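Same chain, two partners: chain A is paired with chain B first, then with chain C.
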Partner chain A sequence: MKEIDFKHKMAAHCETGTVTSLLNHKGLDITEPMVFGLSSGIFFGYFESSNFPFPTFIVRNKPGSIRTNISKRLGVKFYTKKFRSDKEGEVTLNELILKDIPTAVQVDFYYMDYMPDYQRVHINVHFVNIIGMNDSSYLISDSYFPKKSELKKTTMQKARFAGGYMEPKGFLFYPEYIPEEIDFEKAIIKAIKKNAFYMLKLPVPFVGIKGMRKFARKVTDWPNIARDVDHLSHEIMRINILLEDQGTGGAGFRYLYATFLQQAADIVKDDGLKDMSKRMMEIGDNWRNISYFAAKIGKNRDLGPERLKELSEMINARADEEYKFFNDLNKLVK
Partner chain B sequence: MQDIQTAELKTEIKELILDTLKINNIKPEDIDDSVPLFSNDNILGLDSIDGIELIMAVQKKFNVRIGDQNLSRSVLESIDTIAEFVIKEKEN
Partner chain C sequence: MKEKDLYVDFKPQQLIYYVEKDDASYGPVVSGSYLSMHYLDDFIGKRNKQELALREQLKKGEISPIYYYLVMQEYGEKDLASRAGVSVRKLKQHCKMENFVKMPLKVLKKYAEAFDIPLVNFFHLLIAKQESTGKFSIQHLETDNPYFVVTKIDEAKK
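Take a look at the complex of A and B:
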């Protein structure tokens, strides 16, 4: 097995973890929360569309934005490529590995067969780093798994060229260039302002704080669009999964953002950001309360109007908190 | 001395679990320190929702934060691992 000298690390989230490990390998000393914060990763969006079988929400910026925003903020240049031909995708990846370039690939998570069966679901936006290979297998650094793992090349091909929503099309990337000098202070301020803009001012009625309020309003209608009580229970319990169980760093990425603010405070030398970090941790705890509440009422089929109203009020309270939080944060960095 | 403190902490964790999850028919001494909490071999018979409740209770009681799901899984592996985590966090 040809193996590139690469430090494997677990991470809270696959995209931030993959980008962080690649930047570290290329010589940039940066943490996962800093990558998340610099990419203005915190977000909220409530979606009802034909793309989704049931209304859903997201708690971070869209897949791929971590890399593109880091690139804008820090001046890092990434080589990226998608493929029409799976053969070409395989040849390109193999050439990069032979050149000792650890490379991130987008995959359908289901095919990562080193993961426990109960965790494997079809989701086309998982990211792993390829750090070695032999004739039949790749060596993988997956930030969701405690150690480096091998995966058959044929399986990796299926994972990279899986069909369906957000299909990977063999997408791969690696950092080609990192500026010698980076003004982290400036990048942090810009990233925070941008994130406050996303949460407070994007003129779209279903994103940011407005998205949370829409979620709070709409969740009480869910019984009218669910097929039956089992379906409703499943969708309510998914709130917990979306907040806690899909590489969110805990409490819908709020803990990860709090850690970013704490680290940012030392760089920009502003203790105000430490206070904001504490507030964001508390906001995270409150999202976790929602997560627990949803899981509990879903499991117990305790889904009457009073319970859903209670859930709605909890979500609205988070919207109030985050509205105040991002306004205060925005004023602090001006 | 340290062993005594660790043993006391483990008893405290067991009491916290029983109290939080309102389990009345099991005593702290019945719970094995090393048997995985969520396995069928464990007397507690916990599920994933108990897991979330447990995370919140451990956070509150010991003033620590268990962030992401990967960390949650490793910390909540057993009584031993919860105790190790709490001790490590207190030292930092």
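Take a look at the complex of A and C:
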């Protein structure tokens, strides 16, 4: 097995994890929370679409925008490529590995067969770093797995060229250029302003704070669209998965963002940001209470109207908190 | 969240959490999944129940194998339709047995690819009670003919 000298480490999230590891490998000393915050990663969106088997929500910005926003804010240049031909996609990846370039690829998570079966779902926006190969397999550094893993090349091809919603089309990237001087202070302020805009002012009724309120309103209707009580229990318990287990660092990325604000406060030398970081940590704790609550009522099949109303009120309370938080944060960095 | 309040001992699913450490700094720690530690049995129980119910419907011809795998693999209709190269309307038709039997083999092959299963799995269900004992394994080996697999039942590797 040819193996590139690459430090594998777990991360809270796959995209911030791959980008951070690749930047570290290229010589930039940057943390995962800083990558997340600089790319204005915190978000909320509630979606009802036939792309998903059931209504769902997201708690981070659009897949791919971690990399593109880091590029804009820090001046880092990434080599990126999508492919029409799967053969060409494979050849290009192999050439990069032979040149000792660790390379991130976008894949359908379902095919990452080193993960436990119960975790594997079809989602086309998982990112892993490829850090080695032999004739039949790739060596993978996956932020969600404690150690480096092998994956058959044929399986990786299926994962990179799975069709469907947000199909990867063999997408790969790696950092080509990192500026010698980076103005982190300026980048932090810009990123925070942008994030406050995303949460407060995007004129779309299902994103940001408006998205949370829509989620709070709609969750009480879920019994009408679930197949049966077990299905409803499954979907309610997925709230916990989406907030905690699907690569968020806990509490739907709120802990990760709190950590970014704490690190940002040191760089910008602003104690106000430190206070905001504490507030975000507390907001995270309250989201985590929703996770526990959802898991408990789901397990107990305690899913009557009163209980779902309680859940709805908890979500609305988070919307109130975050509305105030992002307004205060926005004022602080103006 | 404080570090001391987080730790969950569940080795099969380790996650990174960002927490408040003793010195008031925030940073990453590794912990097991709270949900999997406490609720994985319930998840698997629901899944098995769902699978048995769908299997019964399949045996009675009330649903097609496409619907079976659509539900079991938690696909969105639009996502699966796109992968199979059909419209959502067609997909809904293919979920019924009377339309499933009229489907061209090429389209069925696209579905099989989307579900990552051999074609033959649409037409049979292989139940091997001893598989879980680890005494033997079942593998579907691809051949040069994309419409033909060899099913190999072998002694499990030690």
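By our rule, the second predicted complex is superposed on the first by the 334 of 334 C-alpha atoms of A that agree within 3 Å, B and C clash if a C-alpha of one lies under 4 Å from a C-alpha of the other, contacts with A are read in each partner's own complex, and residues count from 1 in each chain.
Definition applied: a contact is a pair of C-beta atoms (placed from the backbone, for glycine too) under 8 Å apart; a residue touches a chain by one contact, two chains touch by 3 or more.
These figures come from a predicted structure and were not determined experimentally.
With the C-alpha superposition on chain A as described, chain C and chain B clash in the combined arrangement. Contacts of A:212 after superposition: neither chain B nor chain C is touched.
When the shared chain is aligned, chain C comes close enough to touch A:163, but chain B does not. In the superposed pair of complexes, A:319 makes contact with neither chain B nor chain C.
Contact with chain B, but none with chain C, is seen for A:289 once the two complexes are overlaid on the shared chain.
In the superposition on chain A, contact is made by A:122 with chain C only, not with chain B. Once the two structures are superposed, chain B and chain C can be ranked by residues of chain A touched, with C on top. In the superposed model, A:250 lies in contact with both chain B and chain C. In the superposed pair of complexes, A:52 makes contact with chain C only, with no contact to chain B. Among the candidate segments 2-10, 92-100, 110-118 or 146-154, the part of chain C whose C-alpha atoms clash with chain B in the superposed model is 2-10.
Comparing the two interfaces of chain A, the one with chain B and the one with chain C have residues 10-12, 144, 240, 244-245, 247, 249-250, 255-256, 259, 281, 285, 288, 291-292, 295, 299 in common.
Against chain B, the residues of chain A that register as touching in their complex are 10-13, 144, 240, 244-250, 255-256, 259, 281, 285, 288-289, 291-292, 295-296, 299. Of all residues in chain A, only 10-12, 32-33, 49-53, 110-111, 116, 118-119, 121-122, 143-144, 146, 158, 162-165, 167, 230-231, 233-234, 237, 240-241, 244-245, 247, 249-251, 255-256, 258-259, 262, 277, 281, 284-285, 288, 291-292, 295, 298-299 touch chain C in the complex they form. In the complex of the two chains, the chain C residues touching chain A come out as 1, 6, 12-20, 25-28, 30, 33-36, 38-40, 42-44, 46-47, 49-50, 71, 73-80, 82-83, 85, 88, 113-114, 116. Those residues of chain B that touch chain A in the complex are listed here as 47-49, 52-53, 55-56, 59, 65-72.
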